[in-house]
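Here's the structure we're looking at; comments come further down.
Going by the order they are written in, the chains are A, B, C, D and E; count residues from 1 in each one.
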Amino acid sequence: MVPLSWYIILSAVMFSIGVFGFLARRNLIIVFMSVELMLNSVNISLVAFSHYLQSMRGQILVFFVITVAAAEAAIGLAILIAFYRNNPTIKVDEINLLKG
Amino acid sequence: MENIILNQLNYPVLTCTVFLPVAGALLLLFLRGDSLIRFTTLLVTLATFVISLPLLTDFDKTTYKMQFVEKHEWIPSWGINYFIGIDGISILFIFLTTLLSILCVLVSWKAIENKAKEFHIALLTLEAGMLGVFVALDFFLFYIFWEAMLIPMFLLIGVWGGPQRVYAAIKFFLYTLVGSVLMLVGIVVLYFTGGNTLDILALSALQYPLKLQFWLFLAFFAAFAVKVPMFPFHTWLPDAHTEAPTAGSVILAGVLLKMGAYGFLRFSIPMFPDATRLFVKPVFILSVIGIIYGALVCLAQKDLKRLIAYSSVSHMGFVTLGIFALNIQGVEGGILQMVNHGIITGALFLMIGIIYERTHTREIAAYGGFATLVPWYAGLFIILTFASIGLPGTNGFIGEFLILFGAFKAQKLYGVLAATGVILGAGYMLWLYQKIFWERPGPDYGPSGRHPVRDLGLREVVTLAPLIALIFWIGFYPEVFLGYMHSSVERLLQDFNLSAYAESQNLMAQLREIF
Amino acid sequence: MKYTLIPLLPLLSFIINILFGRNFIKDKAHWIAVPAVAGSFILAVSAFMDVLAGNVINLNIYNWIVSGDFQVSIGFLIDQLTAIMLIVVTSISTLIFIYSIGYMHGDGGYYRFFAYLSLFVFSMLMLVMANNFLLLYFGWEAVGLCSYFLIGFWFHKKSAADAGKKAFIVNRFGDFGFGLGVILVFLTFGSLDYAQVFGNAGSVVGQTINILGTDYDLITVICLLLFCGAVGKSAQMPLHVWLPDAMEGPTPVSALIHAATMVTAGVFMVARCNPLFNLSHTAMNTVAVVGGVTAIFAATIGLVQNDIKRVIAYSTVSQLGYMFLALGVGAYSAGIFHLYTHAYFKALLFLGSGSVIHALHDEQNMQKMGGLKKYMPVTYAVFIIATLSITGIPGLAGFFSKDEILYRAYLGGDTGKFLWLLGTAAALMTSFYSWRLIFMTFHGKFRGTHEQEHHLHESPKVITVPLMFLAVGAIFAGYAGIPPLLMEHGDRIGEFLSPVLGHPHGEGTHAEEMMVMASSVLVALAGWFIAHKMYVKNPELPRKVAEMFKPFYNLLFNKYYVDELYGKTIVQPVLKISDKVILGFFDAKIIEGIVNGVPNLIGAFSRKFRQVQTGLLSNYGLAMALGALAIIGYMIFMR
Amino acid sequence: MTAPQVFFSYFAAMITGLSLLVVTRKNPVHSVLWMLLLFVHIAGLYLFLNAEFLAAIQIIIYAGAILVLFLFVIMLLNLRKEETEKRFQRQWPLGLGIGVVLMMFLVPVLGNISVVPPLGPYSVDAIKSEGHIMTVGKVLYTEFLLPFEIASVILLVAIVGAVVLAKRRLE
Amino acid sequence: METANIITLAGVRLIIPELTMVCMGLILLLLDLVVKKKGVIAAVGIAGALVALYGTFKLFGIGGPQTAFANMFVLDGYANFFKLIFYLNIILTVCISLKYMAIEKASFGEYYALLFFSTAGMMIMASAADLIILYLGLELMALSTYILAGLMRKQPRSNEAALKYFFLGAFSSAFLLYGISLTYGLTGTTNLKEIASALQALNISGSPTVFIGLIFLIVAFGFKIALVPFHMWAPDVYEGAPTSITAFMSVGPKAAGFAVLGRVLFDAFGSMQVQWNSILVPLAVITMAAGSILALAQSNIKRMLAYSSIAHAGYMLLGVIAGTPGGLTSTVNYLMIYMLMNIGAFAVIIMLRREGFQGENLEDYMGLAKGHPLASALMLIFMFSLTGIPPTAGFIGKFYVFMEAINSGYTHLAIIAVLFSVVSAFFYLRVVMYMYMKDPKEDVVLTTSCSMNLALAFTAVMVLVIGIFPSLLLDIVRVSILG
């Protein structure tokens, strides 16, 4: 039997990688993908918990997370496109019109 | 309920007094035309003064109890009431405030041309705020008035003031705010210590542990010492005074500064008697430093208004000295000196405002020989000068003498040191008088000069006359004013002496208990 | 009570003149002032009669200040001492008011002059009539105020303005002590009423007061504090500096205030407090020594001054020293007696000099005078009378009073002997400078301009008549106190005052008294002789003497550099410290530095830290992640 | 090591490795492709945890919808320069540090996690007997109806938002 | 537990206000297709909000707290009061945005619809008794707000604001989910009440894992209410977003964030108060400090108000820190008052915006009092209220939270708070100073409209009335939350 903690550790590692990606990458699209990584890591832990707790809630939540992720992707990419129309860059460190 | 006498008049006299100016201010919102606004404001202030007169006539001098009390539920969920009333300590300030407000309107008649409507609205709300501070018997109400007053004053200085007005206004506002907010914390702590009430009388009747008293005293001290202002928290005052328009300076000197000392009397001493005892010495030291320091700075001043402002520091040093002498003479002298300072320095600022309208300079060196040019003005000024010095026969003497008496009785050394302030006071005031009025007039201000100055007009004389009359009235028959405060002061000190807990313990033991 | 009118009449005159003088009364101001003060005089005489008949009046009018157990009333006490003072004040005032009509004629501030003078009379009367210390203090300060106004009467002159201010401030130093003394009196006796205080004086003997850790005798402290006031007001050392400068005022003012009345207030006060002073040897000795030293100190300065009024002013200081000397040796009545005679002859001297100055169009330097006797015979005559009187020539007023003082000093033990020597030496100088004044002014040749010489004339009647009256006083006033040696029961004034002032201690032999009397007459004559030798016989001599004792002469001519000393050690340091240290550094740099520094610091913080807000999304994420990490680290691993 | 553990280890290693590839590839297209593989592995893990429906959704929505959207946007923006520029920003060491520290914080704490609460009724057998989709559906349409409806509104908002923001309008 | 009759009519009744809001959103979307006049859409929207308000009002107090949908949705005074805040927020926002959005050329019908969807999300958050609902409500609110922030598509600043808001929002959502996941894993449930009982029953209040879950939740909520250091999006987004949305955003999501923060901390993690307090106290301090201090250097008034809103979040947090129902009440009270004065202030800012003139810089306010005394007076009231000077409502709000903080023994925190409120006074005063004490540079023309005037009048009057008669508000708040 695989212990629960393995899943959770996997999830934590993946979450951390996501955080790293979010903080380190310049390309907004990859930054966004890092967020998706984080969400997926949470999903893994949720499903694992759900399985080990013999409860359905975690899986339901994963279902909603996936839904929301889809919505988020739609909106996020729409914002990105709207942004790109006025500012032809998607480099994180070139976006600092608002600051101070 | 045994400490109050409900309002016996058939109308809520205090409420009317306090809120009539507010009503007036609201009325002004709908008026147009500067002269109409001026007249309305004058009428409102006059009416307020008249309405407040029954307070003086119907006041029962034989009792220390709060009189003309009105008490209504206000914020029941916090146990806060609309609770107002006056006793012998506050009544004179009501009188002073209502009187000075009239004069402020008069003196601004010509001086304020820009945004006259806003000016008068600010003036009236300021009056209401000040009156409210003196009548409030609930901390919450008190604090509201105490802070609300800052807004119109801030505007008075900042909008209608001199060249450095913005700096002065913000300095004034923030400086006083720092003190007040600390007091606010103290008030809230009291609220919970005193059993969820902010009733000042109820809270005064309680005993607090020494440690709590110590911190609360400090919190309140922060607010009051800034307002007084005591050395070394005084530097907002010269700027505010100097930059404020005449009416602002008058109100500032006449009433606003009194609130700090009033706070000591109303809150610090009765509520924190043990801490007060502990702080007598520091306050004495600060007061004496203030007296001498203020006077010395005056000796070196080159700006007319600044000089009077620093003299306020010196004079208010006397006031705190008297109050913390904690004997009847000292306290009564302190209260009377507050009134006196309001009258004298208020009048001095009126005078300076009047002359500034003519010469447009506050630089002392620019003056000289004005006694020849404006003899009546010079005559009134000399009266104020000597009242400020504390010449017997003027009100200044009565106050200063009682204070020195009280201080000397309490702590000889400080009494003696404070008395040196009297010498220095004569020094700077007479120096000022000489520089302005004596010697030869400069060519600019003569009848054929660039800025010919004219003597006092009727409006200006009317403005000053009541204050001059008061100077001599108090000087020769102070009982009229002292009479109001005897019972209250006696009661204050009696209560104070009852909690003689601290006396038995030495200082170190007390400090050890606190820390 | 009608006697309350004594002060009120002048007050009324003041009020009317000051309010309406400028626009309505103008040069008719004397029509109000003179009757008012004359009325006071008449009432004063009637009061004197009352007292003479044995009625001492002590009347409380109303409670002035009430605060707890502190109570003080406005009330009048007319006893023997007051009665004498009333007569002196009102009589001399009346004469000087009349004199002023002529003297001040045509001055722009004519109404103002009479108003201030009336106010002064009111204040002085309040001072002498007070029945308690605080009202005394009231009068005390009020006369100071009037003095300030009157010295600075010609305020457009800087010197006059400075002098007025100086007089007031120097007096404040004395009043500082006086005020504290009054407070201490109340704290000791629980009252400020003369009757109660003096009645209980004995009960506090031996009590001490702790000042800065040392115990002092309470009565001594009280007396010395009160004496501080007297030193200021009566221009004794070291607070004498204001009086010579006060000569900037119009001459009638010098005569009335700075010679006859106000400056003697200190003497009056100490005499009034004799029950207290009697209880303290230290205080008495201090009074006596200050008086004696001042007497000779001022006299030495008077020797070399050239300003006619200043000479008389130093003479006044010196004579006031005599009075204190008398008080200090316990001869209160002698002091008051001298006060009384001095009032006449010194007023006479001043008014005489005023007459001279008037004639010379405000020339006060004696070196520009000379030979006036043929132009101004009346003035000359009264000057001679006054000089004879002040130098103590037998038969004139000054002789009796001065002699009494010197005799009492002589009887006062070793200190007394020393003081007597001082007094006698001072008498020699007094004689010298008085005659010097006469010789320089009236004898020899006129040294002024032709313009002035052309206009030389005797003063009008309105000036000379009061002079004559005063001259009569200067001659006969002394007969109120003839020493018992010359006439049994001749010391009527001493007897009259004895209920208040008591009898002086000590009895001397006739021989001793004769000796004292003779020596003082002798020195008076010697003074005349020297002066005559130097200024009439040999006019070159003074210059030579001055050359010979150059340093000493300079010291005297510059009044021992006291003014300079005060200027260097007190005035300038205070001003400098105020300006440079307190205002310029402490207030502007330290306090304002903190007050403005804190907001500036916060502002600097703000500008610095807003750079953290880089605008970069990843930085923001970094902050969030770091925050989360910090919290986790803190919560999980730190605790 | 038991068989499931070996199985898990493979997936764990792949997931970790693929994640790293996703966040480190220079070309976003490559990242997307690695991500696709990653999602497949995650779906495998779901299967392993008896969540067949979720595994299906993972593939359909994530791989099928979201990743395609990503690819689409990448193409749309036509990012040619990408090849030549730096992939990391200046602060990347800090980011790495945070990632590592976060991992060091989380792993020890979560490493000893175990199931303590009372277990629910959805045992492996219970789900197996009814079928996973059935089970999820039952719960979703009864107990979690409200969230389900809210999710629908969210999707509506997404549509509206995408239209408002990205559609070219005639103005 | 998982019973069949989970959906009851009674249950649906409880979500009528939310349903109304969502339906309003749909109606407005459709209406936009047929009606050209935006005023009509706005009016319909306001009417809809009022209907929802009425619904909430009708539901209020019927038999105490009620739950529905398998205890996922709760309707109690707490939720109702928050909903009141949201209604007023949306109504006032609609009022002030009518003319403004036209000037910004972003007057889309979707704008109003999204406001409604967003508000529906907030309302769901306020009523959430389950972490799943909470998450979905939060996402509904957040996604709508992202769009709203970027609605001015032609303006780079707006684009950037939306971009930053979105990315950081997504980042924080991940934290939220991680927190939810850990909490779920340890307690076996996502229901707040059940979490609380599970924490008790399993005695895992001290478990570091629960802790990390809680911390991640706080991080996510802290992001929504802009606590330092999770605040950094706020200034940029507030500055870039359309001003009306800034107003909306500075109140709505913040209030919703506080709603869930209070609900989660009190209902679910009540037993861990010591722990979460030791997180919140330092956060509150640095939030007040950073908000107050950083605002000093701003010259853009929207940005300044953003920092001010951060500082205010710090003050509000005091009530939560107090850890008592009373404390929570004070926070809610503060939020209501903050909503009034903040929207009022933004309304004045919006009035300055006109074709070709941004009116966002402090310099633009120079001498405003000369030409527009009334508008300046209103701004003055709002500024003093934000400072917390009586007799304005701002003082009442501050007083209440300080009171509760001190009552719980956080006197030192209250002292720090009042001192920072003095610091913050400076930048509010600066606005007043520019309006009243400087001479106008150029003539400022104000853009007013009927609805704008209404909103201004309402907020100003309320600010003063509550300042003078605080009982009017206090009684409602206390009844709502303390019962």
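Note that a contact is a pair of C-beta atoms (placed from the backbone, for glycine too) under 8 Å apart; a residue touches a chain by one contact, two chains touch by 3 or more.
Bear in mind that the values here come from a model prediction, so they are computed numbers and not experimental data.
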* Asked: How short can a chain-to-chain path be from chain A to chain E, counted in steps between touching chains?
  -> 1
* Structure fact -> Chains in contact with chain A and also with chain B, listed by label, are C, E
* Which chain has its C-alpha centre farthest away from the C-alpha centre of chain B? -> D
* **Longest centre-to-centre distance from chain C, chain (CA-based)** => D
* **Pair exhibiting more inter-chain C-beta contacts, C-D or A-C** => A-C
* From the Cα centroids, identify the chain that ends up most central relative to all protein Cα atoms. => B
* Using the average of all C-alpha atoms in each chain as its centre, how far is it in Å between chain A and chain D? -> 7
* Asked: From the C-alpha centre of chain B to that of chain E, how far is it in Å?
  -> 43
* Whole-Å gap between the CA centroids of chain D and chain E -> 31
* Would you kindly tell me how far, in whole Å, the mean C-alpha position of chain C lies from that of chain B? => 37
* Structure fact -> Contacts with two or more other chains occur in chain C at residues 599, 610, 613, 615-619, 621-622, 625-626, 628, 632, 636
* Multi-chain contact residues (two or more partners), chain B -> 174
* Structure fact -> Going by residue number, chain E touches two or more other chains at 132, 136, 139, 143, 146-147, 150, 153, 162-164, 167, 171, 182, 185, 188-189, 208, 212, 235-236, 297-298, 426
* **Contact pairs between chains, per stated definition** => A-C, A-D, A-E, B-C, B-E, C-D, C-E, D-E
* **Of chain E, residues touching chain C in the complex** => 163-164, 167-168, 171-172, 175, 208, 211-212, 215-216, 218-219, 222-223, 228-230, 232-233, 235-236, 275, 278-279, 290, 293-298, 423, 426
* To do: Provide the residue numbers of chain E that touch chain D in the complex, in ascending order.
  => 2, 4, 6-7, 15, 22, 26, 29, 69-70, 72-73, 105, 108, 110, 113-114, 117, 120, 124, 132-133, 136-137, 139-140, 143-144, 146-147, 150-151, 153, 162, 182, 185-189, 198, 202, 204, 208-209, 212
* Which part of chain A faces chain E closely enough to touch in the complex? -> 4, 8, 11, 15, 18, 22, 28, 31-32, 35, 38-39, 41-42, 45-46, 48-49, 53, 55, 57-58, 60-61, 64-65, 68, 71-72, 75-76, 78-80, 82-83, 85-87, 95, 97-100
* In the complex formed with chain C, which residues of chain A make contact? -> 19, 22-24, 31, 92-93, 95-100
* Write out the stretch or stretches of chain D touching chain C in their complex. => 89, 91, 94-95, 98, 101-102, 105, 109
